[in-house]
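The following pair of complexes shares a single chain, subunit A, combined with subunit B in the former and subunit C in the latter.
So, the complex of A and B:
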């Protein structure tokens, strides 16, 4: 199982698509930096198309910085920096999409 | 003294992940100090700069939202936002903290024609 991190904003939609198509059963996706903007409901359709069971996370500090606390899609679990470390340790590899 | 050139700044990048948003503000404020006529257009990922309630302290950055709010003090009040970009990101005009005039593609073409210098960030 892998932890995938994405730091690109929706303007780089190809990066999001490539990342989502690479997810395997049991993987986790963590949105970080400008990537947290992809947690907006406008992008829900991309996550709806994922065929495997995965977990979706977004980094708390990056959401707050961009004013997204109340705007994000509720299916994203919010984690702090400690949670990021936990996720990295729980998975056998980290795949960075940037 | 010749007429001052009209400057249009086009913001196309999301705030914080890159320095573009902050750089464009620096240029806008500098032009403002010299009393040059400035317009700012937010398009593509740049429209995310207009969302309010930024709390950037935890990522070690200064709040860009506060700087935008200060623009009128520099007589920079010509703010525009691309309607198509708002729609793409599912943002409504009401969800923006900073008010800006909505422009469609045709109006953006006219905006560019109406300015002497265009800087993109």
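So, the complex of A and C:
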């Protein structure tokens, strides 16, 4: 089980697609920096296509900095910086998409 | 748990340079250890002693230096990436006949072997890319 972090905005659609296609059963995806834009409901279809069970997270400070706290898709769980560290510990490895 | 961090983002160019610093602070606050921070690619600019951001802005090089002093961290700047971009310690400045050196206090120049060692010694390695 791996934690994947994505820091690219959905405008970099190839990065988002490559990241989502690499997710395996039990993995977690944490959106950080401009990546949190991909938590908007407009991108829900991308997550609907995922065939494996994964967990979705978004970094609190980056959502807040962009005014997206109340706009994100409800499937995303918000974590703070400490939660980011906890997720890294809970998973075998961390894969960074950038 | 033992962490190492790879920073590939130049300060003030990419947000991930700041995210890496925040992540380092958080893991240390939680009682984990940070074996090494490896600055690679454009991330080597973090090791410049000449960075002079406005006083009311975050000073990323200085903040790493402060964190390193508080927690006895190993801040390694990739030597090959640094020399070609103009971040030199006194040894390298002498080797290349340069008039001055600019590697900040608290950082050291070393090779990719230090990254391989960090990967071998750490439970988790996290890359903050640009």
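The criterion applied here is as follows: the second predicted complex is superposed on the first by the 98 of 98 C-alpha atoms of A that agree within 3 Å, B and C clash if a C-alpha of one lies under 4 Å from a C-alpha of the other, contacts with A are read in each partner's own complex, and residues count from 1 in each chain.
Convention: a residue touches a chain if its C-beta (ideal position, glycine included) is under 8 Å from a C-beta of that chain, and two chains touch if they have at least 3 such contacts.
Quantities reported herein were computed from a predicted structural model and do not represent experimental measurements.
Once the two complexes are overlaid on the shared chain, A:88 sits against subunit C while remaining clear of subunit B.
After overlaying the two complexes on the shared chain, residue contacts for A:9 are found with subunit B alone; subunit C is out of touch.
Touch criterion met: A:71 reaches subunit B, while subunit C stays clear of it.
Once the two complexes are overlaid on the shared chain, A:40 sits against subunit B while remaining clear of subunit C. 7, 33-34, 61 are the residues of subunit A that lie in the contact sets of both subunit B and subunit C, per the superposition on chain A. On the subunit C side of its complex with subunit A, the touching residues are 1, 3, 8, 15-16, 19, 22-23, 25-27, 29-30, 32, 124-130.
Within the complex, the subunit A residues that touch subunit C are 5, 7, 32-34, 61, 81-82, 84-86, 88-89, 93-94, 96, 98.
Looking at the complex, you find that subunit A touches subunit B at residues 7, 9-11, 33-34, 37, 40-43, 60-62, 64-71. Taken together, the subunit B residues at the contact with subunit A in this complex read 12-18, 44-45, 48, 51-56, 58-59, 61, 65, 88-91, 95, 97.
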